[in-house]
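Take a look at the structure set out below.
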Amino acid sequence: MHHLPAVSVLLPFLFAIMIILFSRRVIVIKVLAVVGSFVSLAVVAAMFPALMSGETLGTGIPYLTFPLPISFRADSLSIFLALILSFCYLLATIYSLGYMGHSHAPERYYSLLVASQGAIVGVFMAYSLIGLFLFFEIMAVLSFLLVIHEEDEPAMFSGSKYLFMTVGAGLAVFFGLVVTYYLAGRLDFVPGGYITQSSPYAAYALFAFLAGFGLKAGMFPFHIWLPDAHPAAPAPVSALLSGCMIKTGAYGIIRVIHFVYGLDVVRAISFDRVLMVLAVITILLGSALAMQQDHLKRRLAYSSVAQIGYVLLGISLLTERAMFGALFHIFSHALMKGTLFLCAGAIITQTGKKYISQLAGIGYQMPVVMISFTIAAVTMVGIPPFNAFISKWHLAVASLETGQSALVALLVLSSLLNAVYYFPIVINAFFSNENKSVKTSFIRDEVPASMIWTTALMALLCVGFAFIYPNWPVIAASNIASAIF
Amino acid sequence: MDGLTTVLWQPAVSIIVLLTASLFIWVIGEKGEKAVTAISASAITAALLFLAPLSPYVLAGHVQVIRYSILPPFGLSFRVELLSISLALLFLFTGLVLTFYTGAYPLESGKRRFRTVFLFVLACSVGVVLAGDLLSLFLFFEAMSLSFFILVIHNREQETISATFKFLYMTIGGSVMYFIALAAVFNQAGELAWRDGGIMTAGGPYTLLAFIGFVVAFGMKAGMFPLHLWMPDAYGQAPAPAVTLSSMIMLKTGAYGILRITHHIFGIDLLRDVSWHNYVLVLAVISILYGSSCAFATRDLMRRLAYSGIAQLGYITLGITMLTPDALTGGVYHIMAHAMMKGTLLLCAGAILAKTGKRNIDDLAGIGWKMPFTMICFSIAALTAVGLPPMNIFISKWHLGLGALDAGQPLLLVVLLISSMLNAAYYLPIAIAAFFGERNHDLHEKLSWDRLPLGMSLSIVVLTVGCLAFGLGQINIPLQWARAITAGFFY
Amino acid sequence: MFISPFYAILVPILGGGLIALLKEEQDGPRNALAVFISILTFSIVAPTLPLVLTGEQLAFTAVRISGGLSIAFRVEPLGVIFAILASMLWIFSVIYATGYMSHEHHRRRFFTFYILALSATMGVAFSANLFTLYIFYEYLALITYPLVIHEQSAEAYSAGTKYIIYCFASGALVFLALFTLAGIGGSLTFSPTGVLASAVADNRLLISVMFFVAIAGFGVKAALMPLHSWLPSAMVAPTPVSALLHAVAIVKTGVFGILRIMFYIYGVDTLRELGVANILAIIVSLSIIVASVLAIKQTKLKSRLAYSTIGQLGYITLGATMLSPYGLIGGISHIVNHALLKIVLFFCAGAIITQTGATHLNQMAGIGRRMPYTMFFFSLASIGLIGVLPLTGYISKFYLLSGSLQAGKPILGFVLLTSAVLNSIYYLPIIISAYFTEGSYDKPNGLESPPSMFFPTAVLTVFCVLFGVFAHYTTLPIVNLVVTNIFQ
């Protein structure tokens, strides 16, 4: 049991190596990729009891010694996020079988995909800032290679932009690490934090972390890479970038302010205020820019910027309820944004259309996909009983509790904006006036089954968790939030 | 080991063996390249075998000064201690790697001369770090610097010759400054030997003169701004093995010299008192930023690596002049880390140059499919240079950063980070363009292996592993040694 | 009683006579005799070294002239340094000359005067007072005149005329100083502490002026700028003569005379009191820099070497003018070091001229292919002059620099350093163009120059290294002794 965290990190890397070694036959690659993704999900899932019981798993064996030992441990926060994201990975991997069916360099694509799963799990399982940083950087390089997979001019450009900005983010985090280590002489995680003395150095470190993790999360003003990189990547990768990777930034901020620096320090240097302001700007800006986009995936990408703003907002309020909202939003956003990107990928696969203005009447050609899209879009707006409603509700309540009633208005406004930029797509897809003559009868989606099923499953889960009892994401998120405070 | 009572013969014999071997290569040079490589390699190995057994002795903190009654006024002396031995071992090891590389590198003509001088320079650089006083160091330092020009001028083209002159005159200028510093130390202290805590007792015009002299002489070797001018030209013209030798070994002697004078001639107490080290620190910062920026601006691969070397040596100088233990650990560790990282990059660049004749970065798009092995190693080293964990440079930057905070100057850490960013900006595009991009699409099918000579592949692999291995391993011996060295200076 | 200085002077005179008796065609015996005489002279002089190191000094008065003047000899440290150096290098020069002159005319005349010059040099070295020094000084000028005009070309004659005019003018100045000082101070016998201390108070101005007169006198031979112009002209002489002129005998007698005047007639204390040394230091500094710059402009190898000599001689005088022990150690040891290094350079130049005919630098491109070892010796000697370890030049440079700091005049140190840089500017391109540019030269068949030229050069190059590495067994003890005596 205590070996599981390490296994869950190393296993995907092992599979990635196997994919490279057995790269002769495409079918073998695909099987290995799916099996690898599934197995590592299974390993993470095996830690589920610990998630519910709040136990911390880990052997304490140091695996690396640079310059501090790194061992793998998992508390419920780690397991919670790892579980969600591994699941998304599995779906994206299966989706890729169809989407990337005839793409070049499959061995590269699948090995990177599986390895990046290991890296992202590593971010959560390496139970110290330095380990987090290590996997953070590995993830950056791997995801860069995934972004530029198409190797066309826009992909190369936006990939490079992503790479350099993420390297910069890594360096900012590095700065924070060094300062933190200088202050405390340690970099592990302790609930409640261990740096309780406020000092200029602590402020430097925290804001460096904010810049580094914030960039990764797509927070204003470091979001500029995101609308380029996400659309340029292949659809499953976009789904993973938006659904999973940007969450590691939020995760990093949670770890820093709750497990390294005490809340006193955070409050003393007004870190929470700054974060809140940035989160608000991120939400508004993301939503506003999303509206202007005609390119579907760009609209989704800007939407991700706005959504990560919710998570950061939840973190910045520094209350248990807000934290619950943030955690739950990580979960719900992963599913819904994943769904949306997978839908966008399916549309591109079948019709080659990338722009929203071209999508009139597409609902008749791709009913399953567009219904999934609709579900996810509705979830996104925050209509009960869908997932995002729960997170937004709690965020709103937490805002009132902390006396920030203006934030409630913000949340409402943002939901409205969500509606404004998602619903026209849906409406246009099914009830287009212009293209009425073209097709009015439903035909079956003409994309590979693996894409249809994964998209549909993800969309279902957006709704489904509301009807499952016990609703374990809620329980887990509330457990974690209460453990943190 | 009973090294306390007996006079250690190893330093002198090691250097003599190396020098004799270089003479021997000159004599038999025309006969065959294999024989030359064998002789070089066995001489270096012999020196390694002589010096390596001293490591437990020096790790235990023992120091022995061996003085030979030649070279007046104070005699030729060697000092066996951890710093000397570890650097000597590093130089010999990298020298061994380079020997195989050079053996396989297709030099057009003058192989005999090149390889003789190559080994000679190596021997002298080992002498520099083993030397026990300022004058002995100067002997090896000058011999090394002056004979290096023969490697630079190898191609004998017009530009090469003017680059060589630049190098030579600056070297002479440097040694002239060293000379005046030597005289100043002699006047003030009456001796020239290393001593813990320094031999200079008070600040004053002559002490300052000595300080400036040493900084100029060593800074020139280390390519410190504004004394770096020789470097880009020389690197642009010299054959790849010479550039690598310079970057991996010769430059380090400059940093080593600054370390020595800081702790063993002036002493940190005196320096803290007069704050002269801050001038060097500022120069190091400028070097870092300037070197990185120039590297970014140039399109010639070799010159880019040269400018990057200016920045990297700035790190080492920075680590030394911050006068804090962590920073020194970082600086000393960076000597090793940079040797591995830059060595890999330079050997790869050399392999590309030898194989394709290309040195302009714009021409290197898609090279990864023709020379995948080389470019994979290049990419790994490039990532190392950026300071990605868990590779070597990360560790040195880590310690340098801690030292900067310790010195109360977090801005220096920011400087390191900016430089890392620039590193990323000038290395990664090369690696990316080598493999990816639309115009390389059709190259995927034409993937062919590098077909480098064995010696070149082998040496590239060894250094690449060196970039990775220490950070990944459970026990980081260079780091332990760097810490022990630091502990010796900040007792 | 065996009085070595006497024999050291006598033997070459007799030897020169014997050589003159041999016929022009009798090359073998003449060469053997010349070599034998120089070896013999050296073996007479050599034992004086251990003698003076034990603190003993030999004195011998040959002729007493009225008025307190006498021709007297004395074996004391400074003279011994000069004598041993000269007689040692004479051996190599003679051997070299046998090879160099083998195709020249008037070999009998050449060797006769060549050997006679040795006796004059020995006389200068061992002279016990200024009068004796003056006599041998003039004698040397006369003897070397036939050597300078050896080529008997118009150029040689004009150079010879210039040479002899400069020499006699110089002699006149020395003579003027000699008698004035004798009148003031009474004694002209060299003493390490000077002999004028008691007379300064009354004749301050006159003594100061006479200092410059005397220095100007010897400064001509020491090629002190602006009195140097005879030296580059005299390059027209055969190379062995140039080598001797520059490296050993003539210019060094000038410097030797300056040292004698400064420290053995005036004395350190008197000089400090008069402050004249500082003025001289300025002149010498300028001389060093200007000569070095002029050297860069020379296109003939030997001219470049000549200007280099002017600069290097300045080092010696500069070391003396610092009036500090280290500076003087540096200056005196540079007499030896410069002699060794410069003679190698001239030997190389001579070898190049005889073997390839190249006299101008632009003819020397690629010559390293034809004469690799000769150029290697040349390279070593030239970087030795720049001051690179472990070649012998670094010792003097080290002490000169230390001396400038010790005297509180770091500016003089910077003059030396500037000169070192300029040295590198005019030497290094020669080396690089010899080895690394394309030329029309082919590889040599067998030895690249005649053995009698090759081996002296090689051996002296080895000496250049040995005298550096083992300076504390060779030069330094006796130099230290001289300096200790002066700075008591």
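By letter and in written order, the chains are A, B and C; residue numbering begins at 1 in each of them.
Simple rule for what comes next: a residue touches a chain if its C-beta (ideal position, glycine included) is under 8 Å from a C-beta of that chain, and two chains touch if they have at least 3 such contacts.
Being a predicted model, the structure only gives us computed values, none of them experimental.
**Student:** Report the chain ID whose CA centroid sits closest to the centroid of the full protein CA set.
**Tutor:** Answer for the innermost chain: B.
**Student:** By mean C-alpha coordinates, which chain is most distant from subunit A?
**Tutor:** Here the answer is chain C, farthest from subunit A.
**Student:** How many Å are there between the centre of subunit A and the centre of subunit C, using C-alpha atoms for each centre?
**Tutor:** The computed centroid separation for subunit A versus subunit C comes out at 86 Å.
**Student:** So what's the Cα centroid distance for subunit A and subunit B, whole Å?
**Tutor:** 44
**Student:** State the interface residues of subunit B toward subunit A in the complex, per the touch definition above.
**Tutor:** Residues in contact with subunit A: 383, 386-390, 394-395, 397-399, 401-402, 405-406, 410, 413-414, 417, 420-421, 424-425, 428-429, 432, 436-438, 440-441, 444, 471-476, 479.
**Student:** Contact residues on subunit A for subunit B in the complex?
**Tutor:** Interface residues on subunit A, with respect to subunit B: 62, 64-67, 104-105, 130, 133-134, 137, 141, 148, 151-153, 156, 159-160, 163-164, 167-168, 170-172, 174-175, 177-179, 181-182, 201, 204.
**Student:** List the residues on subunit C that touch subunit B in their complex, please.
**Tutor:** 326, 383, 386-390, 395, 397-398, 401-402, 404-406, 410, 413-414, 417, 420-421, 424-425, 428-429, 432, 436-438, 468-472, 476
**Student:** Give the list of subunit B residues in touch with subunit C in this complex.
**Tutor:** 69-73, 135, 138-139, 142-143, 146, 149, 153, 156, 161, 164-165, 168-169, 172-173, 175-177, 179-180, 182-184, 186-187, 205-206, 209
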